[in-house]
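Before anything else, here's the structure in question.
Each chain gets a letter, A, B and C, in the order it is written, and its residues are counted from 1.
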């Protein structure tokens, strides 16, 4: 199996998790109610933990150690989708992003737990339970808020419309797509997207939210190839501010 | 995280004289026997009032206390610190939740407590009105402010009110991680590069006065709290807690070759107690009454968080539901 | 002008600078109603009370309880019940048995068919209620009588909670893997932080400079 293809897959998984975990951690202490603040922080920690697990696999394949990889690269070296780097906005946007992202993540993890590449399969199998809670959390919130007040429905609908082009960007195919599929490592972005769509539709149907016609939306691609919005580099600079005081130091 | 810097009201004995003497005798006998008071028990109004005040201040200290270290949550260096910093700040929010619940069992709603916090009507520990300038400040808070809080909380966990004790048992268990994490981070800085060492020493210098303030004014300056000690509401005197803290942590600071900005700080061989320069108690009063470096920001953040989350709470409010205070 | 903070997150909140007028009192139920949470530490052990959460309904209460009460220690299951659905007996003193003190009251409401009730005991003041078992009854009062017969003679019991089984929200059996990785999260665990080696090494290298 082409190692570059495996690395590409691991980088996009890891970078998505790191950046979203970082973004979600910004909510700690600012959430809409204490209990939700706690739940959201746990999920952010899980995401950072997932990224660490994937960077560790990369390290075993000869890449630099996880701290170096996460804290010293520049935006154009990151493979995350643009969806995860967008600023948090209000809680409606953060929730919608959480819903769109985690419903894709659970599909990825379920598929990866069957991967022919054993190290990934092992990690995905182990961490699947955490993502299950993330999805339960996201879906419960969307079902509750999406069928509540006019104010909440309007907010969520507008965030959904705003986030969708970026969410579709998650499924940007890699240049190794067919190779990974043929080797049974990964079932590919088209397959993830199809299953994701079924799942989010099933939830949205129980609400007053409308899923726009996806055919009419231009996906925001580029993230998987290092093209990012203006929001990623400042995020990375902030994340590495202390680390870069002395990258060789033990903090 | 919480210190003895809480403000008790002066005891008004006339309020006690209105209490039923038979019930009062039973109540005091129960505490004397070492039994806990549970929410539905009869209790003197003064006991209820002081407990609400104390537990509420403690809860506010946790939610506001999440902000100084929260300052560094997006900048913690490396995975190990990043994860731990997130978990620690999260714990502070979790502790607030537990403590507000304990206070609620006494009859004050969380809505009212949050309103009183934002409007400056109720207090919280004064240390959280100081800024965390650098990552090292955050490490000092994690280690030494939490260490101080544990001294206070371990004492209070032996108090008489059941729900508060249950909350504190859980909190103390979680803070064991905070303390070790904070110590670990400080040790890394102190034994690291010259720059790291300089950062941690500077932070320690900045935080020493707030730390000395943390346990509250000296006993000779404090409101008389005998009745609260008897009822096991207040469990240790401010000076005793400060001494206990100095005894446990000054040697751990000195062994790292760090210095403390008080030339008079030493253990007195004769008394077995620590001698130190009294910190500026006028500053303490000023800060606790609202005029500290970060009071305005801390409350503004809390206020904005509540306002920004209001639409979520409005949307999920079920008008048919009925508030019942937590059971225990 | 908005406030510039040392915390970049706070700066991004665009807080207004200067003094703000007092806020209005929060409306009633702004923080929702309360639910009580019980957790199971290990398969086969009794569910134990861990504390309340505020939530708009039981499924959200479950989401909240899971992270507030089981993010730190091993857990194999969680129950959540609306506080207003739990019937509470009076408390007696430590060492006494509350079942001896309860007078038989006429039920205010009775179901046609017996249904299941969960019984929780508090063995000592200040401790946590634990699940004693389940009984079948047509009312809370009858459930308490049945509980007395079934588990009422097991040492001191200072207080009892009774709740209908149908009012207890439980996790799905197949979702238990949500708790699978909790013991692996060492960064939240005090034992993961060991610095004695660094301290010893420092002290050895700096014998002359370390004061006292």
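One rule holds for everything that comes next: contacts are C-beta pairs under 8 Å (C-beta built on N, C-alpha and C of every residue); 3 or more make two chains touch, one makes a residue touch a chain.
Listed by chain with UniProt protein names: A = 1,2-phenylacetyl-CoA epoxidase subunit PaaC; B = 1,2-phenylacetyl-CoA epoxidase subunit PaaA; C = Phenylacetic acid degradation b.
Computed from a predicted structure; not experimentally measured.
Of all chain pairs, the one joined by the greatest number of contacting C-beta pairs is B-C. Of all chains, the one whose CA centroid is most distant from that of chain C is A. Chain B and chain C, compared by their mean Cα positions, are separated by 22 Å. Rounded to whole angstrom units, the spacing between the C-alpha centres of chain A and chain C is 31. Separating the CA-averaged centres of chain A and chain B is a span of 37 Å.
Among the residues of chain B, those in touch with two or more other chains are 67, 70, 72-75, 83, 87, 90, 94, 97, 188, 301, 304, 310, 313, 316. In chain A, the residues touching two or more other chains are 26, 30, 33-36, 38, 41-42, 45, 49, 144, 238. For chain C, residues that reach two or more other chains under the stated contact definition are 8-9, 13, 31-32, 53-54, 56-57, 60, 68, 71, 185. Chain contact summary for the complex, chain B toward chain A: residues 63, 66-67, 70, 72-79, 81-83, 86-87, 89-90, 92-94, 96-97, 100, 135, 185, 188-189, 192-193, 195-196, 301, 304-305, 308-316. Across the complex, chain A meets chain B through its residues 22, 25-26, 28-38, 41-42, 44-45, 48-49, 52, 66-67, 70-71, 90-91, 144-145, 148-149, 151-152, 155, 238-243, 245-246, 249-251. Put simply, chain C touches chain A in their complex at residues 8-9, 12-13, 31-32, 53-57, 59-60, 63-64, 66-68, 71, 175-181, 185.
Contacts from chain A toward chain C in the complex involve residues 26, 30, 33-36, 38-39, 41-42, 45, 49, 87, 126-130, 132-133, 136-137, 140-141, 144, 238.
On the chain B side of its complex with chain C, the touching residues are 30, 33, 35-38, 40-41, 67, 70-75, 80, 83-84, 87, 90, 94, 97-98, 101, 104, 109-112, 114-115, 118-119, 131-133, 162, 165-167, 170, 173-174, 176-177, 179-181, 183-184, 187-188, 190-191, 251, 254-257, 259, 296-297, 300-301, 303-304, 306, 310, 313, 316-319, 321-328.
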